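Each of the two complexes below includes subunit A, the first together with subunit B, the second together with subunit C.
Here is the complex of A and B:
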């Protein structure tokens, strides 16, 4: 048993496995890069780097361990081979340090994948907001529309929506809601149009409107999702069918329990621990060109009655409350008001790559410099031995 | 004044393919060659283009390169023109310049497409404006059509047609640059105007502009006092003057050579803007500059007066630019391009290569390797000086564009090879330096030509995210050092394989061991910079785009290099590869570096859109094919060697 365990450890920590995993990661990275040309970054990321297995037929048939499996095994290989089984001596100190840095890098990737979220905050000059919006994830929000002032929302998250395809439906209910909501027919990219004879609807026709499936946009944030919603009052009374579309101007409504309830499909929203108000946005072009040289936003951070003026500009983000706000882009509203767009990221491992970089750099110096000196010292005798001047 | 779009200007010029103004007909006559002093003064005239103030010489260099494909033009009478004299001819002697064969047409099918036939010309040849003139209507029609097609969707001929139309338009712009100085305003047609401006037509706009304040205060009253019929004549004359004035000013918009009046304004003025400000009477300096150009136009037939006038104009323009802090680097930039460091470096590397060939033919001549080393050293130093001067001019670290990565990779690669040679003294790395340097500089020249066509300069304005010297100095420099080392290792790997294939130093095991050690050392060197550079890039991305890693093609390219090099080290540590495997893997790693450096940019997706390029695909594919051929040959050699050893072993066994 012990021999078997040792044999297993030897394989797990072997150079051979390391080389195979590195080759796998190499191929994943290469094909994932090519895949972006046609399918976009989001799809490539899901298919190659955030998957357990990659099975594809084109452009060449391929079956490979996906990014998750590969990097998981690489972490095990690193631990067993790079920490446990490695010969510990003065010679290998540098390599050990490099392995610590790589482990830190892998850990930061893991934390980023499972414990972070990102989105954007789009503000017109003078506008304020305390939440940011996801680039990719959708949610269905349900709230009491007959109530004035702040409302409590019931939110159905993205992962409960995206699998509602091929006839699959899911019914939602929460204590306090006088109706059930059945969702089905999730379309990743669609358009709500008046139903005419010239096209086949991809949803039930509701009030002369239906959803038309569109080809997926490689830039996933441009896709607009759609769903079919069926309301059933719990008292056995009214039922209603409606369409939910990501670009709708007004939510679907349903009267039940003496109240009007609103239901909306929208990009997922995340609260911020403070409010940001855009005071002024400035864009400066290179003289004589329409190419931006710099753009920056003067914002005010409002929290607990306190106001703090802050400038956010390219390469100089705002880091606060576990969030990072970056100047991402800009636009002009139809009325000529300037709009500033910030990327917002919540990532607990924000600075870990920097630490990893320092550790790996240090490790490589410790590992390679003595070898270089040894090599240089050895050249004199070698030259003498071989008669090279 | 109306700012026209590129297409708008193209269409306007198509419509305005006017017969040359009468005053310009004399320009076709021979002119005295420009004196050295005139060329020197004109070269240092400041002009704003591509988001920065640069010498007129730089502007001329890249216009000529784009149009003509090289920086020299030999005229039919044997005179050789360099960029600044060529530009002066285009501006001051347009009729003469219309006869210059400076439009490079790379495929004669372009001429067929616009119905131009010039007998006895090669497939790729140069043509003059006069030769192209019969097809210009068609050319601009085609350009209007092609403009609507996305650049990457255009066919080769469409791309060439569009480039030719752009060059013809730019040339036309240049020939009309002094229209404001040549125009004859019919001020003599109205009595009141004649009383102010004389009985002859007024040549140039500045004389008229100088009188504008007076016109503003008194002219309306004087006109009122005239009888009705005379008023009509005067008004009609005024309209004619106004029309001629506007048309001349509008046509003269080629060059942004007038510094704005206030420091707050950054955009330099073209003739229209300068005229607007001068007409307000608030900026006498602009009026003086306009008058200076007019004086030059008048003096162009008299070299001595021209030189004197140019001296005055250059001094005034330099003073105004210096006041804005925009002149300091101009003389240095002129000297930088005059120095032509990279072409000279190429000459030295080619010289070293010729000597190297001599060494192969006469291996016992001991001075030859020293000569190769000396010439290669001078070539490398010239690259270093050129790169340093570019840093000073741009006030940037050595790399901020893809063009600069080529120079940097060539320079640092040569230095790495020199260091390897210095440590080993085996003349292994030394033999590669001339080839490395020459190939790198050929690539740089090719890319410079591409930059002339797209960015208009090799020192273009940077997008906002790149406007950070800290990250350019750290991430970009380290990652490019990684590219450099990876490619040097690939060169050494090729050297190992080719030496084996050719049977060089057969039996000299120490020679091959030294080469292997060099490959291994350079791969380690490259891995260090690739890993640190890649992670630094991630940290920069984290600061700029909000994420450390986004699987962007350029990021993936850098990761591929790191993975390939880590794989090489682990394969060697695990005993899976030895000398042969290391050489082969280093050649394959070179392909990965090339893919990361240029290949991913050709994919046309990702956030690194400021580095996209086309036209480099051929060189890249050639490199891939060459590398694969070397690897294939290596395996063939390995198999042949194995069989030979086996046969020898069998023979020995049979004998015993």
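Here is the complex of A and C:
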């Protein structure tokens, strides 16, 4: 048993496994890049780098460990080979430190994958917001429509919606909610249209409208999702079928328990620990062109009754409260009001790669500096023997 | 607000991600408190109201009533949107669109717009001489350039490329306004419907009471652009959001506009409109200062702000800003002898802005009507 365990550890910590995993990473990067050209960045990332297995049919039929499995095994390989089985002596201190740095790098990727959000904040001049919106993820929000001011929302996340395809339905409930909500028929990209005789609806027809499936857009943020919703009051009373669409102007409503409830399919929203108000947006064009040379936003950060003026410009983001707000683009509403768009990233491991690089650099110095000194020392007698001064 | 995701559950979720079907019944675990409601709730809204930008409400007249036309056989009218004054689905085909839009000003010029359309189908650009030589066809009393292109259609956003598409378009670009009638769809369909399209274009006309046929009007030119005729006496009216008011005598409701609850247009270039924004939208003082600056008067002094007269709007006493000066619009153009009346109802959930701008004499003359309009505002 012990021999088997040792044999297993030997394989897990071997250079051979490390080489195979690095080859897998190379293939994932190569085929992932090819896939990205056709399917877009989001799909390629999900399929090749955030998956356990990759089953690829084109351009070459292939089954590969996905990025998640590969990185996980690489972490195990590093731990077993670089910490457990490595000969521990003064000579290997530097190598151990390098391995700590690589482990930190892998950990930062893992934390980013499971513990970070990104999205955007779009503000008209004079407008303020304390939340940002996901580029890619959808959510269904349910709230009592009579609430004014702060609103308590019940939120069904993206991962509980996207698998509701091919006739699959899921019923959502919550203690205190006087109705059940059955969701089905998730469409990744669709349009709500008046139903005509010339096209096949991809959802039930509700009040002359239905959802029509559209081809997926490789730029995933352009896709507009849709769902079919069925409401059932828990008192055995009313039922209602309705459509939810990511571009809807008003949420669906359902009367139950003496209240009107609103249900909306929307891009996932994330709160910020402060409010940002756009005071002024400025853009400077290249001479003679309508191409922006630089643009910047004067914003006010409001938190706890305090106001702080801040300028956000290209390459000078606002870092606060675990968030980074980058000036990413701008627009102009039809009424001529300038609109500034910020990319917002919340990544607890934002700086870990920097720390990892420092640790790796330190490890390399510890590992190789003695060798350099030894080499220099060896050069002295050799030069003396050959008469070179 | 959003429940934070603990690291350990996230780790386990990651490791077990491959086998994570949550089943057919699930409790909603996520809960958060948002500072304002998500979207405007319109109780028992119809699908048309929920899914169309400017779906007509029972009390507002749709854009189709401003512009009359003969609907080609087999074509369907769909709800007009903010940009589409007339919105049709040729032959009821789900991939075909035909719509009329209007832009104030020259919209970038005829050559640029013709080439923008052609680029959407991958067709090569035309130079000014080639654009000038395009055949023409009647469109609302103008001779519009007839644009034709065929290829892979990438649409406005450059997304969802569709091969084998054709575009038929009519474009008028003049300093006082631009008109665009655009028909896109599968090439076979567009070819088959070409004559119907041209007949439809020729049939477009302003409805009775909406100006002289053949004139193209833009904001600020003193013409009526809206679906409503001037009221001879105060009339109750409302917006799709449920906001209600009494329209003063002599006021004329304009067409639906982006971000606005309602717009009123006046002879001589004045307009009054109601805007609703989420949240506090810059606050009371910030907005009044901004409006004052737009009139070239700089920010309000504290004493001036404190002494502004107040009026009850939606149950809240709010200061009424009245300022005169030179109005500088977003396009940088400055108009002298202008007046502005404005109020801002600031709330945590949403804020309402009512602003009247125009020649100073007009704004002064309409001041009492403006105040009466403010006090008549009601919410559901």
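Throughout what follows, the second predicted complex is superposed on the first by the 345 of 389 C-alpha atoms of A that agree within 3 Å, B and C clash if a C-alpha of one lies under 4 Å from a C-alpha of the other, contacts with A are read in each partner's own complex, and residues count from 1 in each chain.
Simple rule for what comes next: contacts are C-beta pairs under 8 Å (C-beta built on N, C-alpha and C of every residue); 3 or more make two chains touch, one makes a residue touch a chain.
These figures come from a predicted structure and were not determined experimentally.
In the superposition on chain A, A:192 makes contact with subunit C only, while subunit B stays out of contact range. In the superposition on chain A, contact is made by A:294 with subunit B only, not with subunit C. Once the two complexes are laid over each other on the shared chain, residue contacts for A:106 go to neither subunit B nor subunit C. When the two structures are aligned on the shared chain, A:366 is found in touch with neither subunit B nor subunit C. In the superposition on chain A, A:96 makes contact with neither subunit B nor subunit C. Set against each other, subunit B and subunit C differ in how many residues of subunit A they touch, and the higher count belongs to C. When the shared chain is aligned, no partner comes close enough to touch A:9: not subunit B, not subunit C.
Contacts of A:345 after superposition on the shared chain: subunit B is touched, whereas subunit C is not.
With both structures placed on the common chain, the touch criterion links A:49 to subunit B but leaves subunit C unconnected.
Subunit A uses no single residue to touch subunit B in one structure and subunit C in the other. Looking at the complex, you find that subunit A touches subunit C at residues 52, 68, 110-111, 113-115, 124-131, 139, 141-143, 145, 147-157, 159-160, 163, 169-175, 177, 192-194, 196-199, 206-209, 212, 214-215, 217, 219, 222, 243, 245, 247-253, 260, 262, 264, 266, 269-271, 275, 277, 279, 332-338. Note for the complex: subunit A touches subunit B at residues 14-16, 18-19, 22-23, 25-26, 29-30, 32-34, 36-37, 40-41, 44-45, 49, 105, 108-109, 112, 118, 286-289, 291-295, 314-317, 324, 326, 328, 343-345, 347, 350, 353-354, 356-357, 360-361, 364-365, 368, 371-372, 375-376, 379, 382-383, 385-386, 388-389. Taken together, the subunit C residues at the contact with subunit A in this complex read 1-2, 5, 7, 10-11, 13-14, 17-18, 20-28, 30-53, 55, 76, 78-79, 82, 89, 91-94, 157, 159-160, 257-260, 277-282, 286-287, 290, 329-331, 347-349. Within the complex formed with subunit A, the residues of subunit B that make contact are 48-52, 256, 266-268, 423-426, 461-465, 467-468, 471, 510, 514, 517, 521, 524-525, 527-528, 531-532, 535-536, 538-540, 542-553, 556-557, 559-560, 563-564, 566-567, 570-571, 573-576, 600, 603-606.
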